[in-house]
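We call the chains A, B, C and D, going by the order they appear; numbering starts again at 1 in every chain.
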Amino acid sequence: MVTVKKVQRRNLQTQSYIPSLLKGLGFTFSKMIKNLFNQDKMPTLNYPEEKYDYSPRFKGNHVLTVKKDGALRCTACMLCATNCPADCINIVASEHTDPAVEKFPIHYEIDVLRCVYCGFCEEACPVDAIRMGPEWQTAGVNGSVFNYDIKELAHRPGLKGGAVSRVDDLERHKAGI
Amino acid sequence: MFKCTINGHEVEVPEGASVIEAFKLLKEDIAHYCWHPGLSIAGVCRLCMVQIDDGPRLHIACNTLVKDGMKITNQTEVVKEAVRWGMDFHLINHPLDCPICDQAGECGLQEQYMKYGQYDSSMAEKKVKKRKVVDLGERVVLDSERCILCSRCVRFTDEVTKTNELGIFNRGDHSEIGTFEDQPLDNKYSLNTVDICPVGALTSKDFRFQQRVWYLKDTDSICTGCSTGCSIKVYHNKEGLFRVKPVFNEKVNGHWMCDEGRDLYKHVNAPVRLKQILKSVGNEWFPLGLERALDHLNEAFSKAENISVLITAQHTVEEYKALKNWAQQLQDKTINFVYWKNNPESFDSFDGLLIRGDKNPNTKGLLEAGFEFADASVLDSSDLVLAPMPENPAVYPKYMEKLEQLSKLQTQLCLLSVSNITQHETINFADGTLAIPMKTAFEKAGHFINHQGLTQKIHKGRVIVKAALGLDELLQAIKIGKWIQPQLLKSRKTNESSKVSGELW
Amino acid sequence: MNEYIPQADKEFILKELKRYETPISALIPSLFCIQKRHGWVPAEAVKELSLLSDLPESRINEVLNFYTMFNKKPVGQLHVQVCCNVSCAMNGGRELAKHICETYKVGFEQVSPCGTVTVSPVECLGACDKAPMMQVGQAYYEDLTNESALEVLEKLAFEKAKVSAHV
Amino acid sequence: MSESQLLTEHYHKDTYKSLKGYQADGGYEVLKKAFKMEPQAIIDEVKASGLRGRGGAGFPTGVKWGFLPRNDETRYLLCNADEGEPGTFKDRMMMERAPHQLIEGMIISAFAINSPKSYIYIRGEYDQCIETVTAAIKEAYDAGLLGENILGSGFKHDMDVYYGAGAYICGDETGMISSLEGLKGQPKLKPPFPAVQGYLKKPTIVNNVETLAAVIPIIDKGAEAYKAIGTEKSSGTKLFSVSGCVEKAGNFEVPLGYPLMDLIELAGGLRPGRKLKAVIPGGSSAPVLTAEECLTAKMDYEDLSAKGSMLGSGAVMVIDDSQNMVDLLGVIMHFYHHESCGQCTPCREGTGWLSKMVHSILEGKGRIADLDLILKVANQMKGKTICALSDAAALPALSFVTKFRDEFEDYIKRGHQYAAEALHV
């Protein structure tokens, strides 16, 4: 069985678009008026003056945590780099003068343009050295500024949740761990 | 030959073989740490437990000889339970260092734990603390806490090198390996202790913290350090070569190799390499494309009356063959071959274990190639000297002196060099001297013939300098006027096995 | 060079090296000989012994560290070893050890401030019938009480002082 | 009791120490008799007597001698006088009171196994013994009892003293051989057994002081007479070192199969007002016996092993109700932790683990689950190592925790109360 569909021919009303245009403009205008007088109910934000407050669990830019003495917690085990699906973490390890620390990163770089913010690095870390912080606005003028190194990753004490890890190595050693 | 049954599989082993050897022959799984085929039996890790003829007592496989008709199993619940607890005993005082331990990834404890671990440990007491990061000289770092006291390293210094540096001091769970008063472990084979260490207690200073082992790939090769020709595995990734380890070869090196040989990868890595063809004009070096270089060479060869080739025994059999063919084609020219030996006074020395004074991998190969060698004095009267240089000029001090001498005579040289010869300060090369980057043994395939006359294959590993040519490739290019690198078209053929440890420990 | 092993000891050691079937067997007697001279076995003496006996230092150090009777650090003039094993423990051996420590104001295995006493709790010395007991130097003192033990120690300390004053 | 005092009959005499005094009481007469016998006949006699090793393991001595290969290889006789088992002090008394008895026993044994050289390995702490025995050997040499052509028999034998330096593990026969070879006293892998490859890879027989001395009465009176003493399977007499909570602790030579309670009575009985709680019948590595088990216990190999314990070295440690079993297990576990040679992993780590667990109970940090863990760990240490030290540590742990579990649980529950009083040394 064949159904024959009758094509509706356009009339002048639809062909000239004018009524729809007016209808749309009217809607916009009415919203504008409404928002002008009820600014607190407005659903959008005045970015960048206003910013949305994300949950502290938000997985944004990476933070390298530090110990109580201010040194990096990172032991340069490279598990984050191994686990990274985007291959954006680059670490160079070195020998520390303190035998209790032994290994530490002299170079730790994350290419945030490559990063897919999956959080695998955070999960792979055995010593709570890398966390995904609440920051998410990354802007820059060229590609090179998106390679975050230790300086940018570690020294952000103002962050929520803090960048200082709770457990101290010394305490762990004393507890016989 | 004795017949025995292991876990239901029949196997024939030679008389006097131990049960663990039978397991290995059958490639049947058995946990072990202290047993090493190249060392005496210690029988201390107590992991290779087996049940024999269904008897109730457990035996250790390493100290039990196979008897004809023996029925051996390690699959019963009793054995499994014993091995699980044996693992737990090993681990209760082992620190959780894996993230910073170089051995992680090829660690015996990790591997066996995955197979036989008692995943939920009941140990709630404090671990025994021992010394960490103990400096044992130039090459080795000791971490006593990680040590499981399998005594392999101690047996190695006692039985193989007979230098007795290492010992196990104290007793009970305070036992520690070490040297007397932390004296350096400086015998010429010290890094073998690192290889045989099933855990990260002994680590190599050179490799320490350089790479995680799972980032490395390995290629089978032959050590170019001397005419012994030890079988090795070269470990590399895109950042270069990182370490060299011996591979068991019954006929040549057994399980071991010397420390010197492990350093040879260093001259392969990019920073010290000659990376492009350079031409010397008025004491300055100018880069040259391959085609122009070949033109230059062809011109030089056609002009020269008296050509000499200053050859060492550092090249492959294939390269010598190509050289021979090339010489035969230039019948109208006089081509003299000069065979240059390193340190002639110590050339025939041998340390009794592996190290030979002949610092070339292919002396037999060169001699068998059928060259007629001329006296070194012909070099002075040559117009052009083709010098495929030794890979590691450090063991050829006189060779460099000779080049310097020839340059003073304004002899035009065609150097094929691995190291950046143009950085050499004292030599003022003659105008028209070419320096062409050469492939190292790790970058080319071929064969070496060692001092016993054993032909061994080297495999092509990672190419570090793309512009580098082998001697045969250069001669081929000279012949046809250009060079297409067929190798570049093919994908790099490396041994892609990620199982780096496998047979190592 | 002959700082740690004087000639007399050297002769003894050389004799011991020939006494047994293998020269390495002479290690225990030699180390005892060194300990007798110095009260403990210094690392330098081990080096000298190694040169003298032509045995590797690591082997000597293994033996030195394995056996508990060798002192690896200096001890007081009186090395008081109080048995704290089962039979003695049941009869107050551990209390006795603590009492001596408290009297001399010293911890276990340490040299007392006056330099006279080092107290070590040790395992069974084979005098369980006369528990508690202690060994000072070579001699056994059995059936002790807190008071009698201190008396013995005072007497021994006095004698030691007399000898050293005489020297 | 005199018929049972085969060895200690003359021990009360001061003169017995010297060669003259020893000979006056019939010393070295048996040696002359032995020299008239064939060596094999001596071995057969010892085999027939049913003499079992008195050091701890209780292996039949004659059978051990029979393991020697029948060839001309040099063989060594070693006397194990490294008496380290806690609670044992019989060898010390034997060497101090009657060194010549040991020497005579050793010459007879050496003659039987045709050994030209023997060593007496004395523990380093026994300075008095080392002196006495060294002096006695010198006396014997001077009297022609050692050296070339002893008593005109044509038999040549040399004897020397070697001393340890404080390691319980050297009481193990292969540990002792290692120590005598100048190495750490770590036991060696078996096979090869010492009778085939021992000291310096030569066939070696290692026997306890008491075992070697017991050869004298066997040769003197004959195997039959010796077998008549004691029980059917455990023949002869044995020295028991009774110590602990008894009035008159000391060594007592009694026939094997002697009732344990009578032995305690011999040692003066318990202290007034005290009740028997437990007895460790054979040195600290023997499983403990409860008071009820003690009532019927007989001191011989079979009866004790039927009760789940062992005769061991014959060190009877009597524990009365004033003692705390947790505390005593702590002492024993500390001992094994301290004495483990560190070679085999289960022992090296297990002894430390057990000791730490018992001590954390002592410190009031224990959990009831720890008791089961102690049993598990101890069970896994049994029979897994080169020598018996691991078993020796596991057995007391198992027996203490199973037989006195109530006391352990009570201690854990009221841990903090006890912990304050506990003495940790």
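Just so it is clear, a contact is a pair of C-beta atoms (placed from the backbone, for glycine too) under 8 Å apart; a residue touches a chain by one contact, two chains touch by 3 or more.
Every value quoted in this text rests on a predicted model; they were computed, and no experiment measured them.
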Greatest separation from chain B - chain, by CA centre = D
Dominant chain pairing [most C-beta pairs in contact] = C-D
Query = Which whole number of Å gives the spacing of the CA centres of chain B and chain D?
reply = 54
Cα-centroid distance, chain B relative to chain C, in whole angstrom = 51
Inter-centroid spacing, chain D versus chain C (mean Cα positions, whole Å) = 25
Ask   = Just how far, in Å, is the C-alpha centre of chain C from the one of chain A?
value = 67
Inquiry  = Two-or-more-chain contact residues of chain D, please, as numbers and ranges.
reply    = 167, 184, 338-339, 341
Remark   = By the touch definition above, chain B meets two or more other chains at residues 125-126, 168, 170-171
Message = Counting only residues that touch at least two other chains, what does the list for chain C look like?
response = 59, 62, 66
Task = Quick one: label the inter-chain contact graph as line, ring, star, complete or other.
result = other
Remark   = A full list of chain pairs that touch reads A-B, B-C, B-D, C-D
Ask   = If you look only at chain B, which of its residues touch chain C in the complex?
value = 164-171, 179-181, 183
Request  = Name, in rising order, each residue of chain D that touches chain B in their complex.
outcome  = 167, 169, 184, 189, 191, 337-346, 348-353, 356-357, 360, 370, 373, 376-377, 380, 383-386
Request  = Spell out the residues on chain B that touch chain D in their complex, using ranges where they run on.
outcome  = 41-47, 49, 57-58, 63, 81-82, 85-86, 89-90, 92-93, 122-126, 128, 148-149, 168, 170-175
Ask   = For chain B, which residues count as touching chain A in their complex?
value = 96, 98-100, 104, 125-127, 129, 132-133, 208-210, 212, 214-215
Ask   = Which of the residues in chain D come into contact with chain C in the complex?
value = 83-89, 91-92, 117, 123-128, 160, 162-168, 179-186, 199-200, 241-245, 249-251, 280, 284, 315, 317, 319, 323, 327-328, 331-332, 335, 338-339, 341, 423, 425
